């Protein structure tokens, strides 16, 4: 009887079943709250042609930047990819397909994917290139764009604490896209800073209930800072 | 000489009201936080999931898990809250943020804004800008009135791909404070030392100029 | 004599699997919790915002802030979580709940179910039933095979207003365990002491009857 | 300077501006997590013709049942109203208009209302009376119903703890519809068990950020239990 113990002890196990051409939803905003170890592990695996859904594409040599380096990503769905030189190059040469999506729409597409809502209307992007080819509909005299949900074969998220049943708590702005990503994966893997026993997390303060999480792995995190800004003394 | 960056931020800060929830974009808008009048309180929203953004941290207080939408390390004020990106944009899209301040390449007299893409140059992405302009209750654009060649960026119709349609109501440029009503720019204030003629000459869009255009009040006396 | 309420619950409980997240409807489905086999673990979801519903509380542990979807006072197990109704139905609608068990007035051979409204009688509302049947990965309906007049409730086509269309795959009635495939009922088990003939006579919908129909195994040996 | 102090000291102030024929969204599930004092106060006010959006309609003599008694409610949008005899009577005589809405759709309509999403698609209710007159659309070969969002002039919610800035934490299953209701009101009033100073609530565990809440009032709660069920000894 395995019950609800979701803990796995190796990245191999954590990423078992990840195959060529799959869609992988990855939590994080910039380098904040990204599943560092899971991403790094994919670089060592023989998988390619991935579609990655993530607000950003990491930076050169860190985060999803690693998988751009190894050319394992075929397509990026993201809202902002400006931090990445390699990305720029692959995008310009046409090696990388890119679907730029407004940040709020991207977040909502993931939420909708996890929530069984195949499409929703938003004013975001109306009258812009983002709305091209999409249905426009008027509600109360205002125009809205129909956006479709996103799901993935895998979702890789980073949490602060997990219990063995996969209940997750995120920390500060390292939460960002992780809760929605967790709901939108067919297999959701959470890389976390700490794993505790069931009952140790306050049931009133759990951000992601364990039902969304298939595997939990304890990671170690570099937590690289993109823009160190300090108060002037 | 039009307004400097800090003066643009000062002028924008005069539009803040007590109890406002405000989202400040990257660049000049971020500086607005430095000029919040002493007699009011505002809460800053950062679209990556923070309501109640504080100042930059001291070296001891740097926390990689606490950044703003510009990926800068920040702090959180008393009464702050953290939430997911979906919840953050629900807040933005749902019109709960009172004011958004952001930069632009171009604005036009119908309130449309272009701020994210220059075709032919690399596209870095729109980030949250499209959601912010579509959702905020009020939007102030800060920008230079004309480009380096002197060509107007205050247009009849934006030429660059849009960020949003018909959403901008207020523009603080280096030369003027304008509002957009009924498909026209309305000149309300001119930057110190800037003539109405210069503003007219650098505004391609229809500009309504009242008989008297006061000079902006800047500096320590805010209102 | 077909299955009693507790026996219906026992039979349904045999469909539970280790690690299942399960939503149990009001009435007989609620009783299923009493018959979870010893060698597996399941987590109960209550659509008012609880994953990890426990037993009824002792008198000292009654908490008005802790109820189930039937408005009964309950407890929460170790590892439970609380969340909003929107998050709860995101879970349900998004197909994250492995199994839903609920009652019905009628089912038909296309998997449609009527369970919430009898025209002419007062309508009390569908509650969460429509979301549950539309969203759950697997659904078991528990019901009596026929009404008190002996008229079949296992139909070619439901006559009452529907709760959901083409969503039901398994039916545990007081007379039989059936599955629905390709627009037909398939008889898999008969209740102890019930003849195949009786089941056939009380099934209006198309029923595929195999040569041998085993009797349900109930009681303490669960599988 | 008022700043962000949302605390009001009387129900009068809490409900100031509530007028005839307004739409009022009310949190709670059954009698659990309902803003008892706010509802009771409305009964004493000279307002009628209200449209109430709430999962349930209270019971005779408690919760929204009070406003049915005083005939201040013109229309109920709810998922289940079975606990209420008076409701039954007013519904049958046509005195009360009722829009029955599936529970998950109702929750999502409120969330959408607060989130600036005017409409979304759900499989819930397809092929049933709920879908009548609504657009049906196919995504991936499956049929979905277009549902529109709900907002109200007022939202009345019940929370466990609030700080003076309106940040809210709910308790156990008394959370239910309250977080969504809080986002969907033009004026949102939170009746709470305890008001604390800013900084006392963990910013990582706040359910409803203060931006959604206009007024906070400390209430006293009877917390009536609808179905007392005890473990058999």
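To keep things simple, chains are lettered A, B, C and D as they appear, and every chain counts its residues starting from 1.
The rule is short, and it goes like this: contacts are C-beta pairs under 8 Å (C-beta built on N, C-alpha and C of every residue); 3 or more make two chains touch, one makes a residue touch a chain.
Owing to the predicted nature of the structure, the values given are computational and were not obtained by experimental measurement.
*Asks:* Show me the overlap between the contact partners of subunit A and those of subunit C.
*Replies:* Common contact partners of subunit A and subunit C, which must touch each of the two, are D.
*Asks:* Count the touching C-beta pairs: is A-B or B-D ahead?
*Replies:* Between the two chain pairs, A-B has more contacting C-beta pairs.
*Asks:* Computing the C-alpha centre of each chain, which chain sits at the greatest distance from subunit B?
*Replies:* Using the mean of the C-alpha atoms as each chain's centre, the farthest one from subunit B is C.
*Asks:* Whole-Å distance, subunit A centre to subunit B centre, using C-alpha means?
*Replies:* Between these chains, centre-to-centre, one finds 29 Å.
*Asks:* Roughly how far is subunit B from subunit D, going centre to centre by Cα mean, in whole Å?
*Replies:* About 35 Å, centre to centre.
*Asks:* Distance from the CA centroid of subunit B to that of subunit C, rounded to the nearest Å?
*Replies:* 55
*Asks:* Just curious, how far off is subunit D from subunit A if you go by their C-alpha centres, in Å?
*Replies:* Result: the chain centres lie 32 Å from each other.
*Asks:* Which subunit A residues touch at least two other chains?
*Replies:* Expected reply: 108, 111, 115-117, 122-123, 170-172, 203-204.
*Asks:* Mark out which residues of subunit C touch at least two other chains, giving numbers and ranges.
*Replies:* Residues 76, 82-83, 89-90, 92-93, 134-135 of subunit C each touch two or more of the other chains.
*Asks:* Going by the touch rule set out above, what shape does the chain contact graph take here: line, ring, star, complete or other?
*Replies:* Shape of the chain contacts: other, as it matches none of the listed patterns.
*Asks:* Would you mind giving me the full set of chain pairs in touch?
*Replies:* Touch list across chains, by label: A-B, A-C, A-D, B-D, C-D.
*Asks:* Which residues of subunit D touch subunit C in the complex?
*Replies:* So the residues of subunit D in touch with subunit C come to 29-33, 55, 78-83, 88, 91-92, 100, 102-108, 110-111, 122-130, 160, 170-180, 207, 223-233.
*Asks:* For subunit C, which residues are in contact with subunit A within the complex?
*Replies:* It is residues 18-19, 21, 39-41, 43, 45, 51-52, 76, 78-83, 87, 89-97, 134-135 of subunit C that touch subunit A.
*Asks:* In their complex, what parts of subunit A are in touch with subunit C?
*Replies:* My answer: residues 1-4, 111, 113-117, 163, 165, 167, 183, 198-199, 203-204, 206, 209-212.
*Asks:* Quick one: which bits of subunit B touch subunit A in the complex? Just the residue numbers, please.
*Replies:* Touch residues, subunit B against subunit A: 46-50, 55-59, 62-68, 70-74, 76, 82-86, 88-90, 92-93, 112, 117, 122-131, 134-135, 161-166.
*Asks:* Considering the complex alone, what residue numbers of subunit D touch subunit A?
*Replies:* Within the complex, subunit D contacts subunit A at residues 108, 112, 115-123, 137, 139-140, 142, 144, 148, 169-172, 202-205.
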